[in-house]
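Okay, handing you the structure first.
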Amino acid sequence: MTLRIAVAGASGYAGGEVLRLLLGHPEVEIGALTAGGNAGTSLLAHQPHLLPLADRVLTETTAEELAGHDVVFLALPHGHSAEIAARLGEDTLVIDCGADHRLTDAKAWERWYGGTHAGSWPYGLPELPGGRDALRGARRVAVPGCYPTVSSLALAPAMGLVEPEVTVVAVSGTSGAGKSLKPHLLGSEVMGSLSAYGVGGAHRHTPEITQNLTAVAGRGVKVSFTPVLAPLPRGILATCSAPLASGTTSDEQVRAAYERAYADEPFVHLLPVGHWPTTGAVLGSNAVQLQVTVDRDLDRLVAVAAIDNLAKGTAGAAVQCMNLALGLPETTGLSSVGVAP
Amino acid sequence: MTLRIAVAGASGYAGGEVLRLLLGHPEVEIGALTAGGNAGTSLLAHQPHLLPLADRVLTETTAEELAGHDVVFLALPHGHSAEIAARLGEDTLVIDCGADHRLTDAKAWERWYGGTHAGSWPYGLPELPGGRDALRGARRVAVPGCYPTVSSLALAPAMGLVEPEVTVVAVSGTSGAGKSLKPHLLGSEVMGSLSAYGVGGAHRHTPEITQNLTAVAGRGVKVSFTPVLAPLPRGILATCSAPLASGTTSDEQVRAAYERAYADEPFVHLLPVGHWPTTGAVLGSNAVQLQVTVDRDLDRLVAVAAIDNLAKGTAGAAVQCMNLALGLPETTGLSSVGVAP
Amino acid sequence: MTLRIAVAGASGYAGGEVLRLLLGHPEVEIGALTAGGNAGTSLLAHQPHLLPLADRVLTETTAEELAGHDVVFLALPHGHSAEIAARLGEDTLVIDCGADHRLTDAKAWERWYGGTHAGSWPYGLPELPGGRDALRGARRVAVPGCYPTVSSLALAPAMGLVEPEVTVVAVSGTSGAGKSLKPHLLGSEVMGSLSAYGVGGAHRHTPEITQNLTAVAGRGVKVSFTPVLAPLPRGILATCSAPLASGTTSDEQVRAAYERAYADEPFVHLLPVGHWPTTGAVLGSNAVQLQVTVDRDLDRLVAVAAIDNLAKGTAGAAVQCMNLALGLPETTGLSSVGVAP
Amino acid sequence: MTLRIAVAGASGYAGGEVLRLLLGHPEVEIGALTAGGNAGTSLLAHQPHLLPLADRVLTETTAEELAGHDVVFLALPHGHSAEIAARLGEDTLVIDCGADHRLTDAKAWERWYGGTHAGSWPYGLPELPGGRDALRGARRVAVPGCYPTVSSLALAPAMGLVEPEVTVVAVSGTSGAGKSLKPHLLGSEVMGSLSAYGVGGAHRHTPEITQNLTAVAGRGVKVSFTPVLAPLPRGILATCSAPLASGTTSDEQVRAAYERAYADEPFVHLLPVGHWPTTGAVLGSNAVQLQVTVDRDLDRLVAVAAIDNLAKGTAGAAVQCMNLALGLPETTGLSSVGVAP
């Protein structure tokens, strides 16, 4: 089987990472590469690392350009996916790396993103309880946000063990902000500096984390989420904590819950005791590195997880979902081996 | 008045930063510069930025070498300060950048550092309530740890407004770890990577933060503290949060408490609403940049503060305390202007 | 004497650095702060490290705004200085951080910058032979480019000892490119990457280096210049080499020439033998760190120099020239002590 | 065919990168992993990115441990390879990532490395003229140094067009220095700083570059080589220049020579005119990105090339040579697609 693939938003970071991964995927052939303002320019000008596609020129993102492919990856600003997807055949697998179809609650959508909710699609985080089932055979997939991916996987196994009040501080590299030409994203500004943003629950990934953990817990979970921008291109390290549900949960219970949750997962790696995740170790890979402990002075669970925001946090998840949806082995074209140091 | 100064541990980062600041201080003259294993080598080999001291050679750290100075800064591994200080005259101002005399509770000392507690000295964080009084005229000063400085100042004004259960995730540059030759501190390892350490309440600065906030609150405060290592040489950004004491505290009350606390402080800057701290903006300066907000979905206060860990976090605080102890204007030789970008 | 100062282009990196230095200068008072597109916004939004100026709002860059000051620093895109300077009084000291008045050859100006040459002003590199004289009492000063500063100082003492064919490869931090919102200057692009630009003699600083070295040598000097962009905010390290004029020049002759050239210079530091410059050691300072050696296999002189491109490379030089022009001690408000690590 | 592989020096950067690449190679099985001082410790402690080998423990580097494998990669300090190789069978493919067998001239070896020359092995740079032939069927391979790889490939096609006097300034990430615990390699020292080293022809890669270019040119080539350390983990950007042999060589001749040299090379990519190499674009890949131009003011050729020093500069070349030696398709397990941004 050779799948014909199109990528909309191919000049951006998410689109570029989808292409990087697909160039190592044995079952695909890369078709249309489209862009917005960059249509008409050479892909190489935007993605100098994608040498096998050096002769490609970007075309405009339209339903016509994207039609006729088996799989279409959308890496577009939010608000653009629904319309395009509606014009692609129902048999076409459409994988949306954007936010449009992640939230199930229309009111939440309207509050956080504005405009009309385009409806939710199967959510591309197979490692959540029941997550894989929804993706098998799907033809529409909403790829999770990067922060929700790492935070949800770090805390999901704890949901039966902690009070439903979690704190997440997630430090991220700059590529999560995309190629936006904003002063605070200039190299001169980010190197040598750390800054928090979206403080006080203002980041749009907050409702998505809440949605995931609430679903796992079966009851409302309060999520205090703060993202921090740090001087590295890729990687998110999430530090997540919550009070233990009672003083009686043993450390062994906690670890056992995590081991049970991820024993068979190809990409989520609970590290051996004493090892802690680093984002450097997952660079370019689809791996989640995870560790958990208990602060016994406070009876508080603390979990730390690392991902590459562009890989497992976006494009790797997208490819993983493609594999699942089309019945390919889930790990095809993906790896848990990072590029380090 | 010209004060004659000695610095013990002059080849390390803390000692180097004390010297950097003293080179801009109008009232001092730099005397003995001592070291441990680096004694006998040129200062320039370790501190290539201190050109005015390029002809200095490090001597051995002994009480004899340090004697005969008005002020002695100790930047030594913990456990070494008490003995040396005991052999310096009572009139000598001894400023310990290490941990030996920060904790007031001997049991806590023994638990966290091991060995016998050497007793506590006046604590060098003048911006805490009552903090300045203890330092005026002091001849022994314990400089706070870098994480306790930024965390305590970020949360102290909130102590009357929140439940006594705070969460601090503080992201730090690598110089906080000193010049230790450990593989995980190599440039190849830290650049492009993020990692948490001392997770689960295991970092030695935890009891110091707890001590400070408990003193301010007048009741026991539980502190969940996680440090994160990030790829920059200097800077700490602390994200601190706690549940509001009741749902009725208004945003205005919160801001007013912070404004009141720091209105007259020369180095603690509550930023205008809408501005958030960055560590880049405080590089090399003694400033604390601070902002606070309320997450109304959770009724949770979130404060973010940035310092330069070597400056306000160590050597700047040391010089500030020297000024206070000796009756100089508190800001002499110090600045709130960072080196950015 | 208190000088009243205006800064045009105060929202950019050069303007910000001029202000940072002036905040530590004892003889000045900061007046008008102007900008182009950023007029009307708060200075703090652009320069979060300049806390003492937190209440300032940028006004528009016009001759009227800039009038009535003793000193006007221009940090503008090239082509804008002449017109404004013409409308400021002849007694006003105008210091142009831009390129407009650096080249003495109108033809060279037209080739490299286009448009009409606005004439040359006294050149702000006092450490070149005769350089200081031209600046004493001057009321117009052209601050050198950052690459010409470091390259010219690295090679000037060698001009009598080498063939007039020099090669300069200078690696620079990103702030040299200013705050331009270009994709290749985004943090995600520059961190973890190195790139050359202006290769093949295409960079506009080439004729300026050539002009300086030709003046020192008293004959035409050919300059092969390549700049390289590296992942750090500040700093330039220039590696400069040239064939020795004959095989008979001894290492001692070479070193003696450099020692002689800079023995009395407050900011140019020929390091002790065995020490090599690093940009980290000059961060935020006005120092030039310099070392020279001979490759005896090739009979080739190799000099390496480091500066902070925003300080000695731009704003520090500007302040140094102000001091010289107005008869203040040349080092007022400036330092050779870098902020390291 | 499944090849059984051993790696000596598996806890270091070169050994880790060999393993990273082999984990993606379809024809190999990973056998013994040995180390020196780290023998007895878990591989994961040193290579946290190699999760599929998380259960491996390092054994001691001895000929016995390495025996019985089809291929043995040696990533050892120089001086250790000859003895071990002598004790491995002649049919075993031994690939030395170290320097021991690169230089053909025993006198040069003794001058630059000291001790007795262990003899030269087939040199693992297939892209040099005739380079591939020597590697087919070889059972001993000397992997080139990282700087010689990038410099030789950047200049080899020019050898008939330029005077035999070349200047190379190569900027490198820190992993080229290995995991040595030296103060100047600490993250705090390298981030935000640039420094030259081995200045004046003192770097050991100088004779290797000279050897390569002399072989290509068929006459002695003088090489002025200066390496510069920059704040990134991986990547080398080499700026190479030489005077054109006569003023008459056209730009077209120059480009044609480069096109001809690398038209059929899978890993050396002469970029389209107007594109310049960046190390970010080759991260983790075996690609060489290359561009060349002529400075017409000087009649000087300038070539710029980028590699990942650990990949094409070391481990990627090693795997490429393994493929060639054993008759596998040369690109097996290797890619020209970098991990960017």
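Residue numbering begins at 1 within each chain, and the chains themselves are lettered A, B, C and D in the order written.
As a working rule, a contact is a pair of C-beta atoms (placed from the backbone, for glycine too) under 8 Å apart; a residue touches a chain by one contact, two chains touch by 3 or more.
Predicted model, so just to flag it, every value in this text is computed and none were measured.
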So which one's got more C-beta contacts, B-D or B-C? B-C
Of all other chains, the one whose Cα centre sits farthest from chain D: B
Compute the distance, rounded to whole Å, between the mean C-alpha positions of chain B and chain D. 44
Counting in whole Å, what is the centre-to-centre distance of chain B and chain C, each centre being its mean C-alpha position? 35
Residues of chain D touching at least two other chains: 13, 175, 186, 188-189, 191-192, 231-234, 278, 280-281, 283, 340-341
Any idea which chain D residues touch chain A in the complex? 13, 16, 20, 23-24, 42, 44-45, 47-52, 54, 175, 191-192, 233-234, 269, 271-272, 275, 278, 280-285, 287, 289, 335-341
The chain A residues in contact with chain B across the complex are 165, 167, 169, 171, 186, 188-189, 191-197, 199-201, 206, 222-224, 226, 228, 230-237, 239, 241, 276-281, 283, 291, 293-298, 300, 302, 304, 306, 340-341
Within their complex, state which residues of chain D touch chain B. 13, 46, 173-175, 177, 179, 181-183, 185-192, 231-233
